[in-house]
Every structure is written in structure tokens, then in C-alpha cells.
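Structure incoming, see below.
Letters A, B, C, D, E and F mark the chains in the order given here, with residues in each chain numbered from 1 onward.
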Amino acid sequence: MPIIRVELLAGRSVEQKREFARSVTELASDILGCSQASVAVIFDDVARHDWANGGHLESDKAAGKT
Amino acid sequence: MPIIRVELLAGRSVEQKREFARSVTELASDILGCSQASVAVIFDDVARHDWANGGHLESDKAAGKT
Amino acid sequence: MPIIRVELLAGRSVEQKREFARSVTELASDILGCSQASVAVIFDDVARHDWANGGHLESDKAAGKT
Amino acid sequence: MPIIRVELLAGRSVEQKREFARSVTELASDILGCSQASVAVIFDDVARHDWANGGHLESDKAAGKT
Amino acid sequence: MPIIRVELLAGRSVEQKREFARSVTELASDILGCSQASVAVIFDDVARHDWANGGHLESDKAAGKT
Amino acid sequence: MPIIRVELLAGRSVEQKREFARSVTELASDILGCSQASVAVIFDDVARHDWANGGHLESDKAAGKT
């Protein structure tokens, strides 16, 4: 049942996503009481120029502009 | 009024999206009682390595890894 | 596969949601080429004071305030 | 950095959410390489009459209507 | 065109939402170059026991449990 | 605290996003009563063939097909 959506800055590898998807599915099954088969995980890569924290784009922070 | 968001594995054609958008807008108007003009439909293509069901990335299933 | 999320102003009945869920699932299966079993539909009721169009809350429009 | 959004059928306890939030934050930190402090987790409880799988509302399944 | 979705801890008043919706719609029109009429703003109140930062539910922080 | 997500048709520049992120963060801080540091803004560019209003893809409108 649960749908787990992960928004993160682009740059993680498929290996990291694979391991996270596997582990979070086990967690959801263990703690939330659902079958592993029913868990969906969706990753949403966000570019640094599309994510701001505290009013500053992450791309500007990386470039030392803030 | 309604906003209909469709997350789907990448690979559908623009023709499929065009037909789905038209049909789902009619459906929403007929069943939910809103004007067709007020319906928004947004498609969100998800890559196979960004979607896991049952703990396994769809890209791994396609590759026969699970 | 597809996950279809419907944001709409609160006030539709369960009967309307039941019929919409059934019909949109058939549509997705027919047009997008997926099994009906794989389609998830999630409704998200939004209160009129939580939705603004053109800068005005829907609750204010209903009350004739705009 | 990551924002983890969990849509699930209503009915899980605060204890389950507390444990899941704590564990998934550790997981994200370990696997995705971010600080625990930067992880946000948001739960979104969905009523059974607002979630359909395979075209049938979960509330109808629970009531044996499908 | 733009759809602006605001997830926030429950507790803001309708007056705050009304003012924010009006102001952010003007901002979007001015900066992003769209008509005010085309801007939608949706607020999504999140309960403190449904939002965790750094692995701790906000409700636990408020209660001094962390 | 607030997470502000902006879905918009692709085509805005990084300068526009930078200015909008800065301004909307100030607005959220002023009106909603949160620290600027706690505000996250995420932009989600949507292609014209992935967005339909009134049942017609924006890409078809641009091409004069509707």
C-alpha cells in the first residue's frame, strides 16, 4: 500500500537508489505492517537550480554566490 | 477545478498522452461535475531506475536482475 | 503502474469517486497499455479555504467577497 | 536534503510513524549520504474511500463489495 | 499556469492563507510572466505528528520529548 | 518549515527562479511566521506535451492544433 516518494538533489547513483529502495521497503513492511510487494518507491531527482533553501538556489551555494 | 496528476513509467507517446488527457477531462467533467475548461492534467514520466515496486527497481526487473 | 492523483475541491460524494476511479482505471488500461490491476487512484479533497485561483481563496468567492 | 513523503492508508499509529521516521532518516543518511538533520519525512494519511487499486475503492474491498 | 503547492504545519489562519495566496500570485505574475488568473495556490496543512525533521516528529519536539 | 512546490511550464530562466525563490521565501517568512532558513522551494518544470488544460496538451495549443 504505501507509496514512498523521495525528492532529492540529483547526483545519487542507481546503486544508492537500488539499496535505498530495498531497505525502505523492508522498513515499511516491518514497521507499517504491509506486504513488501505492496510498497512503491519513486525517486524524483531535482536539479540544484530547481531547489532553494533559505531563499537561495542550491546551484548558487555550490558556486559560492551566496 | 480538478488537477489530475499521472505518474507513469516513461515510454508512452505524445499521442497516448493526448488521448488520455482528452478522455480523462471528459470523464472528470461528466462524473465530478466540473467544466472541461477547469480540468488540468499533468503527466510525470518516471524512469525505470527511479521506480521500485516490492523493493526492486523496474530497471532491474527489465534487465532480469531480480 | 500508473498512479493517478486527483486534487479536487471537497464536496464530491463517495459514489462519484467510485465511478471516477473505475472509469479512469479502464481508460488508463485502454490508452496507456497497462493492466487495470496496476492502476492506483488517490483522491485528495481540498477545502475551499485552501485553494486559490487568480489570488482569491475559493471560500471567499463562494462568500461573494471577491 | 531529501524530502520523503509517505502516502498510506489511514490507521497507522503515531508510534509507528515515529519509528518509521527515525529509521528512514537513518537509512537516508547512511545510503544517500546526507546529514540526518537535513531529512524531512511527511506522512499523508489517505482514507479508504479515497484510494482505489485496480479500479475499486479500498473502502468497498473492506466492505466486501467487490 | 503555475500551480503553487504549500505544505505547512497546521495552525496558520485563513487570513494568513488569504494574504499569502494574493501576494504569491502577484509575485508569480510579476516574476514568472504569467497572468494572475492562471495561478493556482493550494495549501496542505500537515499535523505535527505527520512531519518529522531530523528523524523526530514535530509533535515530539513540541512536547519536549527529543 | 514550509515546503513550496512550483509546477510550471518549462522555459523560465534560472534568473527568474532565483528571484522567485528569494521573494517567496521572504513572503512566507513575513506572512506565515517562519524563519527564512526553514523555507524550501522546489521548481518542477513541466514540458508542454505533459500539461493539458481543458483536455488539450499545451504543445498542441502552441502548434495551433486545437
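A few remarks follow.
Rule of thumb we're sticking to: a residue touches a chain if its C-beta (ideal position, glycine included) is under 8 Å from a C-beta of that chain, and two chains touch if they have at least 3 such contacts.
What you see is a predicted model, and the numbers here were worked out from it, not measured in a lab.
Chains touching both chain B and chain F: A, E. Annotation, chain C versus chain F: rotation angle of 180 degrees from the Cα superposition, expressed as a multiple of 5. A repeat of the A-B interface exists among B-F, B-C or A-D. It is B-F, with more than half of its contact pairs matching by residue number.
If you average the CA atoms of chain B and of chain D, the two centres end up 21 Å from each other.
Our note on geometry: chain D versus chain F, Cα centroid distance of 25 Å, whole angstroms.
Looking at chain C, one finds that residues 3, 7, 40, 42, 51 touch two or more other chains. Every pair of chains in contact is given here: A-B, A-C, A-D, A-F, B-C, B-E, B-F, C-D, C-E, D-E, D-F, E-F. The touching residues of chain E, counted against chain B in their complex, run 3, 40, 42.
Across the interface of their complex, chain B is touched by residues 1-9, 12, 16, 19-20, 23-24, 27-28, 31-34, 51 of chain C.
Every residue of chain C that touches chain D in the complex is listed here, in rising order: 14, 17-18, 21-22, 25-26, 36-45.
Looking at the complex, you find that chain A touches chain F at residues 7, 46, 49-57, 59-60.
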